[in-house]
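These notes open a run of structures that come right after.
Here come two complexes built around chain A, the first alongside chain B, the second alongside chain C.
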Partner chain A sequence: MMNSTSTQFVPSRRMGIYEPIHQMSMWGDFKGNNCLDASTPMILEVDPKLDNQSEDTSHGTVGHSNKYDQEASKPPDKVLRRLAQNREAARKSRLRKKAYVQQLESSKLRLIQLEQELGRARQQGMYTGSALDASPLSYAGSMNPGIATFELEYGHWVEEQDRQLADLRNALQSTETGDVELRIFVDGGLRHYCDLFKMKATAAKTDVFYLMSGMWKTSGERFFFWIGGFRPSELLKVLLPHLEPLTEQQRLDLGNLAQSCQQAEDALSQGMDRLHQILGAAIAKQLGEGNYLPQVGAAIEKLDDLARFVGQADHLRQETLQQISRILTTRQAARGLLALGEYFQRLRALSSLWSSRPRESS
Partner chain B sequence: MERIVKLASENGILIFSKSTCCLCYAVQILFKELRVQPRIVEIDTIPDGLEIEKALKRLGSSGPLPSVFIGGKLVGSTNEVMSLHLSGNLVQLLRQHAV
Partner chain C sequence: MQQAIPYRNRAPTSSPPAFALDGRSVREQVAEKAVVVFARRGCCMCHVMKLLLHGHGVYPSIFHVDDHNEAEVNEELSKIIGAAAPQLPAVFLAGELFGGIEKIMGAHISGELVPRLREARALWL
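Showing the complex of A and B:
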């Protein structure tokens, strides 16, 4: 699409400097895409910045000395017509330039989108083993249908999440929204998170390592990963500044919740460390004999434990969300949900923006 | 079953666990952090462990271990313990029955 043109995002200030040859290569192509009328010759000749006195050069009229001589020697209507043509050409040129810049902008957005999808597809590459548009469900062989289903459902979950957040944002910004309506949003939002945890529980039965790897999430989110998802204690830290003003009782309750959450997290983390050790030891037993079935078989039993850990971590996330919403008023909870949703949206954007940034060639 | 009742009544805080179960270990860590010392019965190391496991299921324990008893009553498994803790009620309950 935009392959034939330069992909540098030139600032508009530079675009204002009229370089005829450069114009032709950029806008000529572009003109072809948009079926504007053919006035390219006019572009080359006309430069609205210059005085009209120099524009006659390409038309090859006989010697002209100064502006007034020119006008005096020509019939007035020819001059007027020429002036009108200049204006028209200049106008069309400006319109083309504007449309071109707009197409650049939307291409840039599309590029970011594609990068995002590509990143996601690369993550899924382990399962589909192919490029962007392959539907995971159409693959046989090493494809894991349970995981393919999960990835599809997760994609829908994110889209629904974005929709809910947009609605919630509008509701909060409008002065007419009452608590009853906000309550519906809050309950819906909490339910939506619950849906995700249920999806994960089903997927864990299929492939718990996949859930632990976080491969269905963006790389930015994976940086903050803890046992298959976000850290509940992190949640509270993110939300707290956005919930003010708080009553003293709320502050106390939230503080206690933060502490309990941290303690629960620590306990689960230490349990996970122990599971690491046990699993590793089970696999490493009696190496060198060639036969691995007994050891791997024993290790598989441990994977049930791993699935339980992921479930427990999700349960902690869910309980934390429920407790927060119990401590807060409806409006505070709505604000909190919005802040939380936007936090995750930013994390998701982080990876794709990073990978789509213009790189300096060294 | 009687064994369970006996153990539960003798120990303010009781956890039935397995030596290889890492979630059980996590609950023990949590109790340690809360400065209580539960009685821990590892049913894979005692002779009638299997019967105890069956009896626990009949009591309605939410399934897998750990099975936590506080003040002689079945609290539940990890889910219940975590919920109690986040709601702020676990510490109180533990303090009431700690030795």
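Showing the complex of A and C:
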């Protein structure tokens, strides 16, 4: 698969107006998701700085630009600016591709390593904690193609999340970043969480128990798990101190939101308890007779309900995030998203640090 | 929204009309009550919906749907709303379909639910 990507991605020696855009759109197809969306803020960013650059280089490239000028018949400085933007975009696209391919390579090596460990562990009749805890890949993935796809996509999601957070951190630390640009980051960040919820909905149809188990997350995150993901009320508690200063109205609105979240969570939790009872009762009916098909068959129907619970919990997470972004200003929302992202990064790091700590020999 | 087709053996039934326990029809319930919830018996999502509404001090009538009256209820509901029958559980406010569990949750979080409940005269405070 990797060979085919490298032959189709043609490096251009001549910087033309059309070639880099062609490259970018092909690369966008390979990534399969919103690579182009992520790159558009870069182009906007690059614009004011490049205006200066293109003036400096225009003397050197006047010969080239005249050649294109004949074809395009546009004012030369616009052509130059577009050329420079395209160069920048193509460069960034190449860097992204390089990073992606490197990650694929290391994931491949990790997968081989894990499979070997798993083989050894199965022979010994038990599962070792070390590698499995630190990585999102796990046993279930090798059994079920839908789950394997989900795990792969989730791995990409986390990597993209890390990238977005790094970009957001830079944007917030720079004094030049305006609200318009921050809005793009905030909307992109929220959309990224929505993508995850969509992925989970698809995976829940394949194996809802897997999703409920949280095996696709690190053990640190699993400790804080609630119906297939993070607890929305927990989220608010984490964010609140990092959003100051808040207006009185914002404080009131956030307080109301915290209460609503708690109520919704309690309702869903109690609904889940009900489902536990019903499912348990269905399976426990008429034990001792040897056959199980009628009881297990009846229980399987209830699993649709379980998938609905995961869906509703994710919907609650999504609504909470949306409501938070409605209450806050753009800048506050950007800071909140960064804080939230870093919180989850730390939870993920917690697991790998824990599992790689020096152990006493038994 | 499509109604999920239940995976179970449907025993042939003689179809009684769609009446709730207190003898009122679907149409009557929807027209007379400020808040009516239509749900399958023992549905866990209905339980969630009930709890959310209880939290606001609203105690809705629950119209229980089971294998016997499911077809009639769906028919009546789709006549009332003029579209395909809604997914259960479904809540009606002041005679109009408000939505399912997702709508209630969303309205609860966004703060839209309380004003709507007031409008439907389910709440007076």
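Heads up, the rule we're going with is that the second predicted complex is superposed on the first by the 216 of 362 C-alpha atoms of A that agree within 3 Å, B and C clash if a C-alpha of one lies under 4 Å from a C-alpha of the other, contacts with A are read in each partner's own complex, and residues count from 1 in each chain.
One rule holds for everything that comes next: contacts are C-beta pairs under 8 Å (C-beta built on N, C-alpha and C of every residue); 3 or more make two chains touch, one makes a residue touch a chain.
Fair warning: this is a prediction, and the values are worked out from it, not measured in the lab.
A.B. asks: Under the stated touch criterion, which partner chain does A:Gln323 make contact with: chain B (first), chain C (second), both, or neither?
C.D. replies: both
A.B. asks: Which partner chains sit in contact with A:Asp305 here, chain B, chain C, both or neither? Use first/second/both/neither.
C.D. replies: The answer is both, since A:Asp305 touches chain B and chain C.
A.B. asks: Touch test for A:Leu236: chain B only (first), chain C only (second), both, or neither?
C.D. replies: neither
A.B. asks: Using the superposition on chain A described above, determine whether A:Leu165 touches chain B (first), chain C (second), both, or neither.
C.D. replies: A:Leu165 sits against neither chain B nor chain C.
A.B. asks: If you stack the two complexes on chain A, which partner ends up touching A:His315: first (chain B), second (chain C), both, or neither?
C.D. replies: Both partners.
A.B. asks: When the two structures are overlaid on chain A, which partner does A:Leu182 contact: first (chain B), second (chain C), both, or neither?
C.D. replies: neither
A.B. asks: Per the contact definition in the header, classify A:Met212: touching chain B only (first), chain C only (second), both, or neither.
C.D. replies: Neither partner.
A.B. asks: Following superposition on chain A, which residues of chain A contact chain B and also contact chain C?
C.D. replies: Dual-contact residues (chain A): 256-257, 260-261, 263-264, 266-268, 270-272, 274-275, 278, 305, 308-309, 312, 315-316, 319-320, 323.
A.B. asks: If we count contacts the way the header does, which residues on chain B are in touch with chain A in the complex?
C.D. replies: These residues of chain B touch chain A: 20-23, 25-27, 29-30, 33-34, 64, 78-79, 82-83, 85-88, 90.
A.B. asks: Mind listing the chain A positions that touch chain C in their complex?
C.D. replies: 256-257, 260-261, 263-264, 266-268, 270-272, 274-275, 278, 298, 300-301, 304-305, 308-309, 312, 315-316, 319-320, 322-323, 326
A.B. asks: Could you pull out which chain C residues touch chain A in their complex?
C.D. replies: 4, 6-8, 42-45, 47-49, 51-52, 55, 101-102, 105-106, 108-111
A.B. asks: Tell me, which parts of chain A touch chain B in their complex?
C.D. replies: These residues of chain A touch chain B: 253, 256-257, 260-261, 263-264, 266-268, 270-272, 274-275, 278, 305, 308-309, 312, 315-316, 319-320, 323.
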